[in-house]
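Data block below; observations after.
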Amino acid sequence: MQSNLIISAIVALVALAAGAVILPDWAMFLFAMALAKGLVCLGIVGMMRGGVVSFGQGLYYCLGAYTATLVANNFGISDIFLLTFLSALVCLLVGIAFGPLLSNYRGIFFAMLSLALSMVLYGSLSKMSFIGGTDGLNIAAPTFLGWAPEGRPLQAALYIYVVTISVIAGTLMRIYFDSERGLLTLATRDNELRVEYLGASVRNIMTYNYVFGAVLGGIGGTIAALALGHVDPEFAFWTTSGEFVFVAILAGYLSVPAVFVSAIILELVRSFSNLYFPNTWQLALGIFLLAVIIALPNGLGSLVRRWKGNKA
Amino acid sequence: MDLAATILVDGLIYAGWLFIVSVGLTLVFGVLNILNIAHGSLYAIGAYASASLVGAYFASGGDAFPYGSYAALILAAVLVALVLGPLLERGLLRFFYGRDEVLNVLVTYAVFLILEDVMKLIWGVNPYFVYEPYTLLGDVEIGPLFYVGYDFAVIAAAIIVGLVVWLTLNHTQIGKVVLAVIHDSEMSQTMGVNVQRVYLGAFMAGAFLAALGGALTAPMISVTPGLGVNVIIVAFAVVIIGGLGSIPGAAIGALMVGISRAASVHLLPEAELFIIYFVMAIVLLFRPEGLFAKTQARKI
Amino acid sequence: MKTTNSKIGGLLATMTLAVGLSGPAAAEEDTFKIGVITFLSGQAAESFGVPAWNGGKLLVDMLNEGGKLPAPYDQKGFGGMNIEVVVVDEAGGATKQVQEFRNLVQREEVDAVVGYVSSGDCLAIPPVADELKAFTILYDCGTPRVFEDGSYEYVFRTAAHATMDNVSLARYLKSRNFDVPSFAGLNQDYAWGQDSWADFTGAMNQLYPDAEVKTALFPKFGAGQYGTEISALLREKPALVHSSNWGGDLQGFLIQATARGLHKRSQLALAAGDHVIPQLQDKMPDGIFLGARGVNGLAAYARGGELEELTNTMWEAYEAEYDTFPVQAPFRMWQAIFGLKTAIEKAMAENGGTKPTSEELAAAMQGLSWDAPSGHIEMALANGHQAIQPNAIGTTKWNAETGKMELVDVEYYDARCVNPPDGMKSQEWIAQGFPGAQCD
Amino acid sequence: MSTGVLEVRDVQKSFGAVTAAKDISVTVPEGAVYSLIGTNGAGKTTFVNMVTGYIKPDSGQINFRDRNIIGMAPRQITRMGIHRSFQIAQLCNELTVEENMLVADAIHGATGPSFLRNAHDKDARARAIATLERFNIAEHRDRLIPELSGGVKKLLDIAMAMAGDTQIMLLDEPTSGVAADEKFPIMDLVMDALRSAGVTVIFVEHDMDIVTRYSERVLAFYDGRIIADDAPDEVLSDSEVQRYVTGAPA
């Protein structure tokens, strides 16, 4: 099982990395952004497995993005590895601070309280005109262990970086989902009472999932900020978080790769509808959302499972 | 006028508006268990519809009896509820009953996106104005300040809405049925309640209240695209503070948010953007399910 | 689980190929393709995005037809090339705009991009434009930070930044000897409102050092309800109320403020308010001090002078097409397109008449100056990348006979009177008392 | 000092005006099998819930091996060795029978649940299947919970509760929802497993045949009080018990 996982991870890595050669520039950027957002959504999927959905994952997406930007602008650090690590660390600490609090909430209350927290960050950043207020900040292109590419090589390097992180994070999360803790998470979603009476702490399980989501959100935000070259408080706005939730629901909680595929699909749909229906792209997107929710109630991952079921 | 009194009056006016826009949301959640993001769209459509209707009223000789425009405002909200209520509830939402709450939020988010563009297709992007009803009721002088009579009409409307909803739920046969469905829809169904009809009725009532909020607001603003977005979040906050599904909760939530916002504008203008989230976070910290949530002890 | 990853990998590779193969047709030599980004939805659509593009579309059609405009704009299209346009909605935030910008340049292969109302977008796009070497005109946004905090090769802003609006407003008060013992502000709570208030208080500090700031209110963007704020303003009784609100927020504020008589107690001064006149008409009270972020709209129409023919041609065409008069947004779009046309034709004169590259365009645009209905535009700041333009402030007066709003007591300000000199940040310029300002 | 593994002393509990437990005092010796009888609402489940931490008594003491456990969370009490089953089997409906067992196994594993070790690890599965076999439900291991009969659900519920180091087992109506002809086989299975592990057992039961056959001592509840505490025959012949609990002479 584990060795199969490693093999499929390597295959996915190679297949995706080939995109650095074959993809046109715009698509490579779109994929990089989609994968960065996919990381955030992977965190939501981790929480979904425990039965809660965060409507405020923009909090960590934004926190990661701003951490990287402020560190880069104030301390002259441009190394992508270091920036990613620092953002992840900040999000880890904030996640540890809020995790135990949020782990008491379920359903719509968890969703709304997480949303409130991210809106507080949005409001605070909007007020801080010394770091750009609502207009946000720019961040220079990253370097890779001293290498400072430009143009297509920069985009390709960023793309390979996010592909690698996504595959590693995806593999680790898959190992976690399949682990004893992962099974406990599923059991919690199903029947908290049973889990408590088996002697496990439901809060503890929820907290871990939340903290993992925080770290993944921070990493996704950092990469998105570096790819875009710009951050603004909109990263923490509820519509941003809503999009992450949509990707997570579209993917379902069964399959990890489905998360990234969903993120890419959403980016493609949005990009093309925006271009071809500039006046009605929201309508197009809304119809697409509804169609997906109706056609695939358990997410894209259920397709994969069904497909495998048929073959078995 | 004393500062505290000004804050109170301003807070009450805002709270009245908040209550009207959020009570429908909490009613729909209570009955259908759906937190309806499209509530904001219904609000905006109510504003557009009333702008059109009131405009048409004055265009067809309404100047002779300008007070008729208030009937047009309410009629607009009724029309929105009659058209969109069944369309959304029968046509879409009923397929999602009993599904995950968060999934349902996304369904209504999709509806919200669709309606945003539909409004643009129907009404275009140019603003609509119907100020006649706003100035018709004259000024009210309180101390050194002038208020518009209409502001107090909004408070009155909020009180009437609150009373009607409360009396309907607690003192009529229909209300008892609705409360039974809120309490336990499966049980009600087995006891012969036509749950389908209750759902439709509650959603239409919710749509009417959202549209009424928009219709009453239309005379004091310019009705433009993007109107709904800002309403959703404040209405959500009020409803979460009060406890999802609780009508008195919506009233208390509206008062808390309204008065604390007024206090912030007068005393600490910098904080206005946060105040609503601040109140919400504080309430949720101490009452995780809001002030008036129905607590459910699980029997094992 | 086992093989899911590899299957998805395969699926991705297939998608990749499908996407990769569907590139656009190669660019044609006799067409100049521009990507236009402006608000088609959301609150800014009605005030800026849609009127701007209404004006732009009109001008592009007139240019493509040829011979509709006075010299030097009588040549067809851009240097004889037909103009093709791809329009994208600006709503959705800077993240989305960066992606759409890349798509326009790399997928649609536009020859130039003209766009952006939102300051956040204007800050986010330039680094990407430089990275892609894509010639880009920022046509509307206000924040001075774009070229004060950065410098770009392929990016130009053809409109003056927002400092001018509030400095002009303060100068107008002074030149009309308006007494300001105290003032207050009501501005939207985001960068535009915060910056405008900072500029205005800075300028007032220079011109009216003794004026007391009563209160600075920042209602949420799109708030709609201003009852509480108006109560606060009525209580404080400032001599002047400053607001840089725009669109629905400004309309709502005006309706509610006039109903409660705020305009009778305090002088209202609106830095960017001209664009609500067509909607509000006589509901806009008389005697409001009004700016249009440039000599735009009514101020341009009233100005006359040597640009009268150009201005009136555009004005009348716009009125005929859309049944309303053009406000500031179409004027700014026009000055961008006229500037682009001038730069293209200049570059073609130098390269022998072929379609100019981004490099040639950037070279031609740098330090360029041209005439537009809004006056003489000069790319005078930021090493020739940032325009300055004249400004005007006037006072509203409803003409009951014609049923039209007029602007009276209009004061015109030379571009160099209300814009900082090259190399100086606008905030410092204000704080140091406008050094180098050339006012006559 | 004390003689019992579980000592309940003067416990009181009321919900508003309703008294759910009044002056409850019981001492359960190590290895004993107690049963609780009484009509619905008499206070049996409240007793179980108080001992396992789901409900906190208003006053009194509950000692497990001389340690007061009042105020502890259910999971802490479980960790000390007081396990329970439920009136309505509490299972994870979206998981298979085997996975349900694996959940219990993962929690009580030697190192605690791991972030890395696969839940379907070979050894874990072997242990889970062995437990399922002991309770005669291994044949259902790949089925989802809603497909199971009431008896299998009950057995799985109890099997899961048995995971880890069980000192005291509280069975809340182990045969409710079970077909009549399955009741005795199920009780045989369960009691054999519990006795061979030396577990102290307290079970709530309505079926007096099961009470007399399996328990050593019976506590009869009425209106929140214990009205009889004795050997099964004594209790069932008690006139108060007959009047308030069993309804007819035994």
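For clarity, chains are labelled A, B, C and D in written order, and residue numbers in each chain start from 1.
As a working rule, a residue touches a chain if its C-beta (ideal position, glycine included) is under 8 Å from a C-beta of that chain, and two chains touch if they have at least 3 such contacts.
Keep in mind the model is a prediction, meaning the values are calculated, not measured.
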Identity of the chain that, by mean CA position, is farthest from chain B: D
Chain nearest the global centroid, as defined over all protein CA atoms shown: A
Most extensive contact between chains (C-beta pair count): A-C
Chain centre separation (chain A, chain B; CA means) in Å: 33
Rounded Å distance between chain B and chain C, as computed from the means of their C-alpha atoms: 36
Chain C and chain D: spacing of chain centres that average the CA atoms, whole Å: 74
Shared-contact residues (touching 2 or more other chains) in chain D: 86, 90
Set of chain A residues in contact with two or more other chains: 1, 126-127, 178, 193, 279, 281-282
Per-residue overlap in chain C, given as positions that touch at least 2 other chains: 40-41, 189
Chain A - residues contacting chain C, complex: 1, 4-5, 7-9, 11-16, 18-19, 22-27, 29-31, 33, 126-127, 129, 132-138, 140-141, 150-151, 154, 170, 174, 178, 224, 228-230, 232, 234-235, 237, 240, 255-258, 260-261, 264, 267-268, 270-271, 274-275, 278-279, 281-282, 304, 308
Complex contact set, residues of chain B against chain C: 1, 3, 6, 9-11, 13-14, 17, 116-117, 120, 125-127, 129, 131, 134-135, 139, 144-148, 150-151, 217, 220-222, 224-227, 229-230, 261-262, 265-266, 269-270, 272-273
Chain D - residues contacting chain A, complex: 52, 73-75, 78-79, 83-84, 86, 90-95, 99-100, 102-104, 106-109, 113-120, 124, 160-161, 163-164
Of chain C, residues touching chain A in the complex: 1-13, 15-17, 19-20, 23, 40-41, 86-89, 92-96, 98-100, 102-103, 105-108, 119-120, 123-124, 127-128, 131-132, 143, 145, 149-150, 189-191, 194-195, 198
Chain C residues touching chain B - in the complex, by the definition given at the top: 40-43, 45-46, 49-50, 189, 215-220, 222-225, 227-229, 231-232, 234-235, 247-248, 251-252, 255-256, 259-261, 276, 279-280, 283
